[in-house]
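Chains: A, B, C and D, in written order; residue numbering restarts at 1 for each.
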Amino acid sequence: MKIQKPVYYGDYLHLPKILNAQDTESAKYGPEAHDETLFIIIHQTYELWFKQIIHEICSVREIMKHSFIPSTDLSTINARLERVGKIQQILIDQIKIMETMTSLDFMEFRDYLVPASGFQSLQFRLIEATLGIKAAHRMEIEKQFFNSRLKPEDRAQLEKAEEEDSIFELLDSWLSRMPFSEFGDFDFWGEYSEAVETMLNQDEQIIASNPSLNDTVRTMELRNLETTRNTFKTLLDANLYSKNLQEGKVRLSQKATLSCVFIYLYRDYPALQMPFKILNSLVEIDENFTTWRYRHAIMVQRILGTKIGTGGSAGHEYLKATTERNRAFIDLFNMATFLIPKHSIPKLPELIKDQLDIVYDSLRS
Amino acid sequence: MKIQKPVYYGDYLHLPKILNAQDTESAKYGPEAHDETLFIIIHQTYELWFKQIIHEICSVREIMKHSFIPSTDLSTINARLERVGKIQQILIDQIKIMETMTSLDFMEFRDYLVPASGFQSLQFRLIEATLGIKAAHRMEIEKQFFNSRLKPEDRAQLEKAEEEDSIFELLDSWLSRMPFSEFGDFDFWGEYSEAVETMLNQDEQIIASNPSLNDTVRTMELRNLETTRNTFKTLLDANLYSKNLQEGKVRLSQKATLSCVFIYLYRDYPALQMPFKILNSLVEIDENFTTWRYRHAIMVQRILGTKIGTGGSAGHEYLKATTERNRAFIDLFNMATFLIPKHSIPKLPELIKDQLDIVYDSLRS
Amino acid sequence: MKIQKPVYYGDYLHLPKILNAQDTESAKYGPEAHDETLFIIIHQTYELWFKQIIHEICSVREIMKHSFIPSTDLSTINARLERVGKIQQILIDQIKIMETMTSLDFMEFRDYLVPASGFQSLQFRLIEATLGIKAAHRMEIEKQFFNSRLKPEDRAQLEKAEEEDSIFELLDSWLSRMPFSEFGDFDFWGEYSEAVETMLNQDEQIIASNPSLNDTVRTMELRNLETTRNTFKTLLDANLYSKNLQEGKVRLSQKATLSCVFIYLYRDYPALQMPFKILNSLVEIDENFTTWRYRHAIMVQRILGTKIGTGGSAGHEYLKATTERNRAFIDLFNMATFLIPKHSIPKLPELIKDQLDIVYDSLRS
Amino acid sequence: MKIQKPVYYGDYLHLPKILNAQDTESAKYGPEAHDETLFIIIHQTYELWFKQIIHEICSVREIMKHSFIPSTDLSTINARLERVGKIQQILIDQIKIMETMTSLDFMEFRDYLVPASGFQSLQFRLIEATLGIKAAHRMEIEKQFFNSRLKPEDRAQLEKAEEEDSIFELLDSWLSRMPFSEFGDFDFWGEYSEAVETMLNQDEQIIASNPSLNDTVRTMELRNLETTRNTFKTLLDANLYSKNLQEGKVRLSQKATLSCVFIYLYRDYPALQMPFKILNSLVEIDENFTTWRYRHAIMVQRILGTKIGTGGSAGHEYLKATTERNRAFIDLFNMATFLIPKHSIPKLPELIKDQLDIVYDSLRS
């Protein structure tokens, strides 16, 4: 560990490269448009942050590829996912800087950028692929849209990335390996079913006897309740579940989903604290990208009005449509559906509790 | 101006009242649910901020009711609207506090709240009505939904509020009174039309000659261009515009819209700086409420999953549907549609420029 | 669990009380100052959030009072502390709303508020006392300042609160009970000392041989290194440590500090993940209050200039002085001082690792 | 205006350069430290934003160099300054990302960076110089500290930048040129003095007659009042003011300060709306840098503890010391000192009001 050469701030950060990478197109055709520099720099910071996000999620994916993930690695995974969440927060907040550029300012250089488009961000597609959104999940039109825009070498890199296991797939496999779908003598899922049954019957009674509901609302609520009943039934029935899976209504396997439910219910045990945090961090990441897409679409509409974008896209209409789709972890997001009130959660046998817990009085070596 | 009585912090703020207004329902039926206090307090802060927003926008409405609004009042209007924007930012950010309550925590007291619902917030409806979203703009089903939920006295108060002129209506009237649709000898709108024509022809040529577009995309872009052409035509044609108005495609009158376009194009003149800021602040308020509704819907889905809300609503599905609708100032939001590149904006005659400008060397008294 | 009475939103939240608690003083002496409503409402939201913070930290204190804290309670503690951090973020961000009130606006009602002052916020004092900042830690002048301002009944309530164990005290006791200062055969702290020694010697060599340092800087750096050496020596020497404690240089006991160091170094083990998170959350809370005080002082200076506050305080000068003091968990904040590079952290014997870890293949019941 | 070459997103943004500029030092000596990439990327985004800030404030400086600044340029100035404020908000918020790197993570590569330091950021020094903080305002020790760290070519560039007029100097000159220190027949500053006198006498009476003040507090308040009295006296007395200027207690000239007071008092007139906004934006920029320095110092302490930084600086102690100093616009910040209650502001003669106002019924061409 010998330090040979003193390090200089600007050289270490490659500032000569970084700070000389802002060439405005407008300057090539006339007087430079003042705001084009902002437009370039904000996109460059976005791409730098995308690189950082890729650095984090690829390292998480490497850890998750192991068929056994040691518990000491779980907090590393979670710390990195939480960091991605903080970065996304900045991605969202930066939109406020972009919004200081008015339509009129943008129109000074918009025409020079044709047909470039944010849809050509390879890194953003790599993030999606690494998390679990791949070509297979996109609409046909959306796929063509992307493919036609990417350079062949970029397209090739994306296709290669999509061949690797995504975090979604590795998560499914990790959750499925957990020992929570079967507990030997203890019929956990039977007890859970009973608790669900009791809860739903109670709900039904509340709806039936609530004097402030008129008939239309009462009927609607009872229909909703029936839907909820079916959702629970599907969770616990391998055949029904598998049908849902095939129809694309859910993406997570049944075993993985059951482990999730167990983790959500008993999240306070040391063995489950970190898995619970990881699930939450993934939901957070999903939610943040959704918010980012949404805010981005709004911003584009404000700057472009109903005009088309430089890439020839229908602009904000298209962006809004993709906001809701393209969520790798929507199943985790909907997990609340399967929770039951705390007082009705099955009590775990002591032996199982012991295995989920850690108690130390003194450490023996 | 005699000060009689020393003021004490806690009394001035009525803290004994405010801090003793948190009665949990759960405590009435068993052990208190820890998170119900959070649920109550966060809603109380929301309602306090709603009151503040009402205080601001009602004061703005009072100023705008005058048939002549002195220019010194414009910065007061704008300062208050900008404040509303800052408050909304907190309303949005507060959702992060709510999200620290997990589904499991919420289920400990959810059942006790039936059939209360955030849709019963009278103040939120009053804000909408004051800005310009009234019963007339809602879908039939939405109207029934609200009305059935409000207490008769609350419903009456809302109906009364809807009878008053909204900020939207007063804005339309203020903009329509501006002298920007006719300039005597100077044919401003003729010159503007020509500039638009030139811009669109240029766009058409770019699309036609761009080698990187395939036929499908080229056709699509040309079709988009045609739409844009029609949008401009409608702006300048009283009959077409009036048809659009009747069909509910726009809400702002033609004269008001023309004033808007003029303000956006010449926003840098002292006479137009503050009007431009006011239009922007209204767009900001609209955008913030949209973001708030969106984030709120996401949060509800995360906490409820696909279950129904305490008020028996379809929950997040409903919330998402109202996100996009219910925007009083969508016409301002789309104003970018009518802008043209800076270099092609008509030059104003000196005499008109003088009337929009202020130059002082010395002040004479 | 029978629901008897339908709940109405406004009644549940006591809105009639909450929304009728804004009585401006200015209205008593002439025309109401528009911005006084903002002044009242923002302070009311602050007090509501203070109540919520008290609700959280008092519940944490109750859990920590037990001589044994089950590991399943640790995530409850942490979740509530993290929530406090999110609330503080809003307290800080809300200052931006206050800053929309200009000096001129404030001067319209400032005189009517004499001698009220934010220093009279009983709840803020209760938060400080619960966390661990009590009268004993304040400067004499500061103590008098507060006491003279509080009503006798408020003062009595504060004094009573200060008699209870604070979270700081309970934390010290919890950390001291941990089995990390002695490990039987394994001489952990001896190995740690050696690692520290190696690191410091290396640092010394780097400084000595760095060609880019001039003599002044080199001497300064070597002096700094000597200080660091003494800091480590003190950590491991009961007598030196106890002297530091008496002189008020540290507040946390030696045993508790050693546990902290151990937790920071081995934070990735399931047994230490949650304790590590709790320590971090407390640092976060401390840091947030510091930031809040700082931003508050700046805001007061901007609105008051160098004038005195309504409570007759020297205003922002005073506020800035208290920013840095009044930090209950400054010892945790400085914990980085005692860390050593990952590669030099002592390897734990397998037996100890097993006791800090959880591995489950299948759960046996 | 012929578009020759289709633009590709990645090429336009120079992504191959930008995204290949992250070379970790740790990788040169062993296994790469995971978090060093974050460390590099966050600093690169900081430097990109610094470049953008320089782009904005240098363009503002160019406009302000003209001996006459047309009113239509004022909103351009303000829009760019407001944008700087939004960028700074992100600079501050990004610290939260940095804080996800723990001390232990940082220690894995800290030693390799010696003696690099954030103090070597040339761009940050250029920003300070452009705003108005130059070598002349720094403490001797601080100057040496910087100079010894910068490369000769960087030092030369900074010195050259310091020779140009700063925004502070141009602001002083712009404000001094305004016609607000003399109004012909109308003795504005005489009336202002009387209003001040009345206000202070009233304050004195309030203090004297307030029954809730004890003698110590009363004496202190009266002493404060005397100070305030002297501050006003100095404002209006050329000799006293000039003494203050020489002693470095203020930086802004008397004429400029008087213009400021006038602008603050009559900010609602169209002629003064934008100047008022510009002053506010400069205060905002100053305040944001102060907050950034403060948050940065806190973050460094949390990561380094009481250890020294890689650049051999005393770390956070030094950083905190510079937080309060190095504010170019502190005089604007303290402007509240000179304001008086709205009701006592001198009424302007009609002729002067007309010159500050704009009224248009119809525009004549």
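Quick notes
To be clear about the criterion, a residue touches a chain if its C-beta (ideal position, glycine included) is under 8 Å from a C-beta of that chain, and two chains touch if they have at least 3 such contacts.
As the structure is a computational prediction, the values presented were derived from the model and not from experiment.
Two chain pairs are in question, A-B and B-C; the one with more C-beta pairs in contact is B-C. The chain with its Cα centroid farthest from the Cα centroid of chain B is C.
A straight line joining the Cα centres of chain A and chain B is 30 Å long.
Mean C-alpha positions place chain B and chain D at a centre distance of 32 Å. In whole angstrom, the spacing between the mean C-alpha positions of chain B and chain C is 39.
Within chain D, the positions touching two or more other chains are listed as 1, 3, 6, 111, 114-115, 202, 206, 210, 212.
Within the complex formed with chain B, the residues of chain A that make contact are 103-104, 107-108, 111, 114-115, 148, 202-203, 206-207, 210, 212-214, 217, 220-221, 224-225, 227-228, 231, 264-265, 283, 287, 290-291, 294-295, 298, 301-308, 312, 314, 333-343.
On the chain C side of its complex with chain A, the touching residues are 1, 3, 6, 70-76, 179-180, 182-186, 202, 206, 210-212, 267-271, 273-274, 349, 351-352, 355-365.
Considering their complex, residues 1, 3, 6-10, 12-15, 17-19, 21-23, 25, 29-30, 34, 37-38, 40-45, 47-49, 51-52, 55, 59, 79, 82-83, 86-87, 89-90, 93-94, 96-97, 100, 111-118, 120-123, 151, 154 of chain C touch chain B.
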